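Across the two complexes that follow, chain A remains constant while its partner is chain B and subsequently chain C.
== the complex of A and B ==
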């Protein structure tokens, strides 16, 4: 019988229940046709050869909402859709480069405006119906339709105009852009090709949003991914089965996926997921918090936990730099004078103890950051970006230069005051539902106290916080985190551009409020249409340097991607891009196949 | 009788209307909406979010949204879930069934234990068995439901006797009927025990108090004086006389069927309304929340109505009072 883990460990878990092909872009050539294996037609994958059969049980934190990629907005639905659908070109989550998927090759025209994609032969949807360029045309018509409100639409507007798609023949399709697109074929990642034979009618009737519910009959839904729908039990589980028409083969020519079934159990929270994993009810676990990782790594009873390194999530502090006009109270105007002073922001950044945050919040399972490109991003970090050590002296000197001074109170405590003699007091909003950020805010509060700043941490329910920050704009400072979907800078475009909705310190500006924001806008827009990686990198590095100099976002830390799996699971290699553990689901296999299958 | 029942039905109707208006008001006035989280997705433009809000009428005045919601209630949909992109009623119904399975079982078990235990304790008022029961129920009362549930999960994990949450095994569909029942029973045991332990002290104490009150009533002393045996005295005379507060409590138990187990469901990963509503509240899927509250209110009103009917039947004073109006 399995050794039972210690009570203390359980209690700790239980008691927190509540709570690229890009390389080719860099090359001075416009042709990126894949040098196909002579055996082509079904893609051959290198790597550990697995054995077929068995069932993999994983837990999902909550229930997915839909199987329909056009309306899926939540991470869980996207994770399920990711294993049921396929895209034309895919980003390999391990090396962060593009690789051929449904398209066996592609070419970019010399002017960078036309992408010609050639589909593989013999592709079939999971219901056995053939797939061709008409399905591609249909899919992009759906994504670009204004009435569908697909989240993908914004990605398909390049240079202010929607991408035009035209068919050359049954296997060749051309995507025409109004302007060259720096990220190139990465654009196609995650754009699932939809089954026209099932969806055209509901689309024409304006009912596409009502299609693809989890309770759809298995024969009412089809995709090109490794698994297809088998059974859904509301609130409990989703069972997927091997897609017999899947197009990938391993390097020995065996049909993928290896697994017969993939079962998602819906578990309401992270700690319940850990319990299920510990008790052996699930085979794999991802998105572990540092504490749970620590508990599991002490046990490692028939399973192994893995630290994939820092992901693409960046946590940061920002001050309210919005121009509130007449809405601003005199008190807030006074505070905003401090916030607008770059030396003030640099002082706050200088005193923030990032290493302590990594040590205490992430138990060492994370990385201190000074920019929004985390160490998990293999290609876009700026090696020249300064990583200054925490310095109270430098922070004090900066504040002094900015006209701040210190007074000593009756109890001997030092208070920072502005040039008007008013004490520096402000609040930091943070999400009450994110324990890590609440801890981060408390540590930051302590750091700022050392500068004589009186800071109140205000935990708010997440949507209330978003409403305060993005709508009402009634806040002093806020601690937040964003997880990039891709390593390419374009995934964070709305953070960079002053007109962007996630340019959080002063979003959706009609015109850049400052000269440095205007300069960043120019650099980012230029890199978006630059043709080579070197050109883009140079521009992007400069933008990162400006951001680091003006500190509108004071970057703090990035957590590691932590996951675990039973030792019997083969090809388990967590990545730092979503989906962290299921990115290579077609190659996951059970070493003791049959036994697990009948567990 | 008819007038009395109609009056109680009218009360229930106005209660449901009042609760629906207040729930609608509070949930829609709470800051933030379902689409706010998408604001943090740098790939989605503010215009797309505005279009989505408009599509789901979130840009409409409150009165129009309420009227639209009432219309959907009349069509049996109870609003539209933003998250699931589907009517709320079928989403709630399937989960409410799971909740009812759990709470009905727990209620039956709790009453089946509480009634004899309360009567037995009342019979021995002030003696050792009564004191032991009083202390035990007091201890159970001070233990939070959460701690009870967590303790039981530790037991499950340490012994391996019970699954660590959930409602059924992955293999459930392939099991024989008997094994399905066995599997369901294994999964239900811990949440039912947690629910029973959390409700038992209140029930036992109410039964004990009600029976103890009656046991000292003059009519029972007189009956005892006439030589009626103690058993007959207790079950034929004392219990019907003590039934009045217990019937009200029973009505309350029915009312709490949908809402009483939400916390336990979340902790024990039971696929009922608990995890579903918690997620909906956090995601601001407001029509799901309103629908959940509406369901619970209907159960509360039904429980009260049932209690009123039973009281009318059990208590001759109410019949007399009602007839004299």
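== the complex of A and C ==
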């Protein structure tokens, strides 16, 4: 969407000059010259100038399954891959905008269908082998291959057709789409460029899935990210070392990353991570819960905890609106009649005490939400979205309109009953490992009790919860949270579209079940191919308003992104996008050498 | 005499403790599930007699608590606002012994709330939860022990008295049950049950599960005593006079087992209370918001609660007098038991 100023050719010449100079001339005078050159600003990064050396220890919530981006599906693997691989165009986690990465510039054709990307000069993989457009072609061939089942594949299918990749020369590559795609360059974020010289053979043999396991030797794998594999100790830690061929420089022309080593300790639970951080075993902690945040902030001793503000995680309640057909029991059909009533859902939303959720669950470190776009998303929130106050009266009135009534039980408590005289009782599923959501459910349970609804909270192990919701579809209601990985609406596309797999209340529909779902589908698809931000925003706002009106998801709250680091860590700026603290890992540095000596 | 006095003493202690829990509705000032969302994690309020101006009050009082601005869980006492403790006040409705509707509470203060043991994450009164939670925990222990002992007693007596292949079969069964990893069994049982189990069903489920796996040990003990008792002279004499098996069991053998059963009961009850707590702690027991001691303690699974709010440990402390009472009773029973001596004698002759 945004074009880089200047022509591609001009850019390339300057870039080559830069490389030659870099090899020959002493750095201080050189950087001055470079700072005047706007084309190279992306390679030279802002931020404090750091000190080279040292090792940073962080904890990882369990072992990553693989280092292979083609098969990585778990968050832990993706976190590791994020620091070992690089993409063509990158989303800056701080300002949520795109910036050049391996591609130094890109151009969009007037019809919005072709993206021409120009690679940087002299790029090398972490094993010293040069990287060129053939590697780009190979990578996208792998991602688009049906047999590899890469999770990235869905993203690369635009307008029903896979993106076509064409080589122009060793530095230039063109991506051709079948349909215009809003914010197309954001697609490239997270699409790691794979080493063709290492992977071509296994790919042709169909063995790509077996490559990149942690136990395989370090020389079987290479990436373009700031770090490369050094050592893996099963069940304990993963040690990464500086990639000497990494392409980024700081504004003084020093090679990045600053750190010599990055160590991931496998610590399976959040509380153990806090203990390790408190005792100084790890230098940094992220994804802190609010309670642990306040424990740490009470005893800040050599470390500082930071509240980066509301993130992109949205927690919500949804009812089972699936059409189960003959599978549905009469009892469940009766319940679904309530759930399908918009007024019932609006009443539940109206009685949910979001303010109490933020205060009691997140200790005030969060935000109440009424839509899918959280306050952490700076550009896409709909300013016109209503934020109705909690109102028991309104909820009662809505239920009355929908034909519900109340009876008083023998213990003096009032019970809500439907038009058939049956009491309103249902259960809410929640993940048993997420204490925050369990608390949210307990608050909601009490809120709904005030309407005379009898609600049971059922904590379930997350995998079986997901199975029930998306496969078996045997549940009444469910409390869940989703964290968008990007601020752009397209990252939530599977939630919005009725054909999407995370359109949780009724996933993967062949045809939209309701008129409003059809309308949302239309708006979202139109938004995808709209060219300007203003057009897209207008369409997206309308979709948000429809969602708020029909309440298939009752949005509750969004937690702040909380993180902490030792005071000796420089350039520590947690962002609200994943990976919250390692997004600028190449610029993280240790302010003094003491930390190294302690280990 | 002293032995008897010991038993009476412990029975008296236990009776008192259970009485308090049984009448939880009266002793607890509030409804245990009622949330007070502006006072989460309020620390226990201190009872005062002397106020800030050194005036003596006849009626104990507490100071109101105010949230320190800008914090979530830091409170300060507001010394301008006193809340005197009123006794025998009308409050939240409850059912005494589960059926008598009542409103009378031991203490309270009509409008303002008094939290003598603090509040939990939702501002629920910890004291009320503790007392009501005891109902679930203690009675599942009592009922569980009752079921266990009746099953164990029947099986043990049958095995010991009839002997032979019946004995072999039953004892192998006992061994099988002793070897079962009961905690994992419980996980499995829970997984097969429907998703939503209402609190009452969950309560009986726990009891059923505890009883089903716990009967093996008492069965073994009873069998041992029956084995030795049935060889005694007066039993042989009775048999010689043509008494039926049922008569002999009832009249001569089973009374011998009574003291062992009582001692076992005193040991098993606290064990089963603990079992309920373990289950609820792991989220397999009665569901929230119904309180049980295990549910209350499960808050401590979070590190932040562990280090920040000491009053969340209270359920663990409250168990102590109960357990002490039961174990004291068990040892007093064992000391005074005659059967114990008979058993020892017969064991000695066997050796």
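Keep in mind that, in the parts below, the second predicted complex is superposed on the first by the 551 of 599 C-alpha atoms of A that agree within 3 Å, B and C clash if a C-alpha of one lies under 4 Å from a C-alpha of the other, contacts with A are read in each partner's own complex, and residues count from 1 in each chain.
Note that in this section a contact is a pair of C-beta atoms (placed from the backbone, for glycine too) under 8 Å apart; a residue touches a chain by one contact, two chains touch by 3 or more.
From a predicted model like this one, the values you see are computed outputs, not experimental measurements.
J.: Looking at the combined model built on chain A, do chain B and chain C fit side by side or clash?
T.: fit
J.: State whether A:155 touches chain B only (first), chain C only (second), both chains, or neither.
T.: Touch status of A:155: first partner only.
J.: Does chain B (first) or chain C (second) touch A:301, or do both, or does neither?
T.: neither
J.: What is the contact status of A:456 with respect to chain B (first) and chain C (second): first, second, both, or neither?
T.: A:456 contacts chain C only, not chain B.
J.: In the superposed arrangement, does A:427 touch chain B (first), chain C (second), both or neither?
T.: Only chain C; A:427 stays clear of chain B.
J.: In the superposed arrangement, does chain B or chain C reach more residues of chain A?
T.: Tallying touched residues of chain A, the top partner is B.
J.: After the superposition on A, what does A:442 contact: first (chain B), second (chain C), both or neither?
T.: After superposing on A, A:442 lies in contact with chain C but is clear of chain B.
J.: Under the stated touch criterion, which partner chain does A:291 make contact with: chain B (first), chain C (second), both, or neither?
T.: Touch status of A:291: second partner only.
J.: With the two complexes superposed on chain A, say which partner A:535 touches: chain B (first), chain C (second), both, or neither.
T.: neither
J.: Have a look at where A:360 lands relative to chain B and chain C in the superposition and call it first, second, both or neither.
T.: Only chain C is touched by A:360; chain B is not.
J.: Given the touch rule stated above, what does A:514 touch, chain B (first), chain C (second), both, or neither?
T.: neither
J.: Taking the superposition as given, tell me the minimum C-alpha spacing from chain B to chain C, whole angstrom.
T.: Minimum over all C-alpha pairs of chain B and chain C: 6 Å.
J.: Show me the chain A residues, by the header's touch rule, that chain B contacts in one structure and chain C contacts in the other.
T.: In the superposed arrangement, which is not itself an observed complex, chain A uses residues 275 for both chain B and chain C.
J.: Mind pulling up the chain B residues that touch chain A in the complex?
T.: It is residues 30-33, 36-46, 48-49, 51-52, 55, 83-86, 91, 94-95, 98, 146, 150, 153-154, 156-160, 163-168, 170, 173, 266-267, 269, 271-272, 274-276, 278-279, 282-284 of chain B that touch chain A.
J.: How about chain C: which of its residues touch chain A in the complex?
T.: Against chain A, the touching part of chain C is residues 33, 35, 37, 40, 72-73, 93, 95, 121-123, 195-196, 198, 283, 287-289, 301-305, 307-308.
J.: Can you check the complex and tell me which residues of chain A touch chain C?
T.: Those in contact with chain C are residues 270-271, 274-275, 289, 291-292, 294-295, 353, 356, 359-360, 363-364, 411-412, 427, 429, 432, 435, 438-439, 442-443, 445-446, 456-460, 474-475.
J.: State the interface residues of chain A toward chain B in the complex, per the touch definition above.
T.: Residues in contact with chain B: 1-2, 4-5, 7, 10-11, 14-15, 17-18, 55, 57, 62-63, 65-66, 68, 71, 73-74, 146, 149, 151, 153-155, 209-210, 213, 231, 233-237, 239, 263, 265-269, 272, 275-276, 278-279, 281, 433, 461-468, 470, 472, 480, 482, 484-485, 491-495, 500-502, 508.
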